[in-house]
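We call the chains A, B and C, going by the order they appear; numbering starts again at 1 in every chain.
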Amino acid sequence: MTNTASVILAVENVSMRFGGLVALDRVSLTVHEGEIFGIIGPNGAGKTTLFNVINGVYAPHEGRILFRGEDITGMPPFQASRRGIARTHQVVRPLGELTTKENAMVGACFGRENLSLEKSSIVADEILEFVGLAARQDMLAGKLNIAQKKRLEMARALAARPLLLLLDEVLAGLNPQEVAEMLTVIRKIRDQGVTIIMIEHLMHAVMNLSDRVFVLDYGAKIAEGAPQAVSSDPRVIEAYLGDPKMAQRLLEGSA
Amino acid sequence: MNLAVLVSSSIDGLMLGFIYGLAAMGLTLIFGVMRVINLAHGAVITLGMFALYLFSVQLGLNPYLALVLTLFLGLAFGVVMYFISVHRVINAPELTTLLATFSVDLIIVGVGTAIFTTSPFSVNVDLGTYGSGEITVLGTKIVAVLAAILITVALYYFLYRTRIGKSIRAVANNRSAAELMGINTTAMLALSFGLGTMLAMISGGLIATLFTFTILTGDDYQTKSFVIVVIGGLGNPTGALVGGILLGLLEGIATLFMQPSWVPVIEYVAFVLILLLRPNGLFGARA
Amino acid sequence: MKNLLNPYLWIILLVVGGISVVPILTGDASMREDLFLILMLVVLASSVNIITGYTGYVSFGNIVFFGLGGYFAFYLMQNFETNFVLAALVGGVGASIVAVLIGIPVLRLRGAYFALATIGINEAMRTFVANFDPFGGSVGMFFNYSVYNAYGGAKNALWFAYDGIVVVALATIAASFLIKKSKFGLGLLAIREDQDAAKVLGIDPARAKVIAYTFSAFFPALAGALFFFKNGIIEPDVAFDLLRSIEALVMVMLGGYGTVVGPIVGATVYERITALLITAPSITVLGVSLGFSQLHLAIAGFLLLLIVLFVTAGFVGWLRQRFPRTRRYLE
């Protein structure tokens, strides 16, 4: 269904090395407007590095990143943010001595719409309501619990009014109740028309949410396609064999 | 220019460099293990000078026995200073540890000024001179250099060959991992601070056997230590020793070619440039 | 700029301005001298607070801009009889340009490396100026008393300098407030908390830091111009005094890191305590007479240690933590 929509992000033959370690090996992918694109792979497969290359934290050693047709390869992250790419971090990074609301305002102020303080305050209120942190708006972000910090990451990213949202393991470390709440939030974001790329280890979640799934192993693509097709791909199962529990969960997730 | 003068200045600078290096090793050891820049470093060097003065001049002990006492005093003082001023803020932002150690500097210099004023003191040690013609070296300097080398070797033996030394290096590498491995990190941090302080105090003591000093003399050596530590790479003891020797040589030789007042300009400009271009030191990995 | 109408800003300015105007009204010269020093320290502390308290970059050698502003202005007045206001502005702008040139490379360094580099820059400048003959080398420069004629003689020049420091202090406080309450200021706070996260959120840290550093250079340069104009003499060790530089950070810490009022309170309290200690009578311990004037460093150090260890947020920060409702007002 998404194939007819226009391409929002194209990653073309991107490679990234750290010393002798190849973190990404000629990775290519395209993401269409409005879809949820899941990225899975064993630990150390290069998933977070891929995010870092997409939003400009690293400049790739080769290859190109096209966002809405514009070449943004090697552009610093704040430029990516201005263009409408927002992300959350796998390890939460709250601005600890600022309040929850100020955190969200930073997102709004310096995001795609480059809002004034006054307008970003209104946006921040809206977003905090949306992710369920309104009651904590005056709390210092450093004092939030882990589930709240995850939602704060989400709020900051959303406050930027992004066109493309990169979610890096937003479900990790949450209990089942919190996971369910977060999934609801993600679906609502998609319903607003935001394109989402999510890195996730929680298989049932990624398999249920994603329109398409992309599998990385040792920095290279090993599979891509609809969730059902990917989870029965022998190469994918093999990639997870080092981790039998994960392979098991993968199979369950597809069931 | 006279070759003998050049040789003599080089030897002088080289020998001074060992003592500079020893002082700087104290600073760099503390930084390497706990990422704290000890702004009381200069005051501690001064403390070493006055400890030697008190032990040898006031109590009449042999100056070199006094040096040994200074060594143990330095270790003890460092451990106490760690628990009083650093331990509570060890994980706080830089400004906090910088100001915590700076406050100790103020206390030492303040109390010292109240007791000793800022007039010069000296410890007279005469071990004669060696050499011939225009190239002569003071016996005290030779002993100071030998002491510096001996202490450096002992420090390396301790850090690389003993169990406790290895624990310290583990703590320096990754404090939380070391903690998980059952190392008492607090004890190792305190001990490292003690060792760093000991090195600073003993170098102060050695300097006191060579030159007159005041309560403020340590400050000069503190800024020199900063320069050296940056040349050698923050946290790298070998680098500090080499950096110290380089600085000593530079000071010894540069004064032959330029006004002595230009030497510190060069030192500080080099300091900033190295920080910018080679933050891991001249010998460290490229930035 | 609706923040210009913020009543809290005007309360601070009225309090500081109200106290400052007292010696002008009463003609009390000794109070004027005390207040000159306090206001100058307020300028130094509030300025370093912009780069250190707001942005998280510990500028240990920030006094370098005080010295540069002083030297630039002094040189112009001494050699070209430049009007003070113009000379001070040239000093301020000159120091700001130096801040940009230094800031671009040095602000790439993080944490302790940046702090060390600022010390190195100050010391390099101090030792260089001590060798720089146009600025009088290590002896420095001193005025012909005729310089003061344009300001109604040496005595009136002191009042003129005082008026100047009042204006500069109020301007510094206003700038410090407006920056903190602006979008730019929010960006600085974000950089302080987590520079990499701030970058991902759309902030250009390199640019923001250089601008903040320039602000923290401009006002101290003006204060330096005033201080050395008033003294009629400038020398490297006084202009680039690292101890004074660190004291400004102590004041920030004492009053409250990253707050607007903190540096004002910190500077005032610190100056009063030091003045008190210097004038206090001496005591005798174990037969040794110990003057408080000599011990003031030690006592200042002891107080600083207590604050650093136990009241990390400083006085204003402590109030904000202890009474969260004051957070809305105490910036």
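FYI, a residue touches a chain if its C-beta (ideal position, glycine included) is under 8 Å from a C-beta of that chain, and two chains touch if they have at least 3 such contacts.
Computed from a predicted structure; not experimentally measured.
Annotation of chain A and chain B: jointly contacted by C, touch as defined at the top. Every chain gets a centre from its CA atoms, and the centre nearest the mean of all protein CA atoms is that of C.
A separation of 50 Å divides the Cα centre of chain A from that of chain B.
Distance between chain centres (mean CA atoms), chain A to chain C: 44 Å.
Mean C-alpha position of chain B lies 32 Å from that of chain C.
If you check the complex, the residues on chain C that touch chain A are 182-183, 186-187, 189-190, 192-194, 196-205, 258, 324, 327. For chain C in complex with chain B, the residues that touch the partner chain are 52, 56, 58, 60, 105-106, 108-109, 111-113, 115-117, 119-121, 123-124, 127-128, 130-131, 138, 246, 249-250, 253, 257, 288, 290-291, 294-302, 304-305, 308-309, 312.
By the touch criterion given at the top, residues 31, 35, 37, 84-85, 88-89, 92-96, 98-100, 102-111, 113-115, 117, 223, 226-227, 230, 234, 259, 261-262, 264-265, 268-269, 271-272, 275-276, 279 of chain B touch chain C in their complex. By the touch criterion given at the top, residues 55, 57, 76-78, 81-82, 86-87, 89, 93-98, 102, 105-107, 109-111, 114, 116-117, 120, 138, 156, 160 of chain A touch chain C in their complex.
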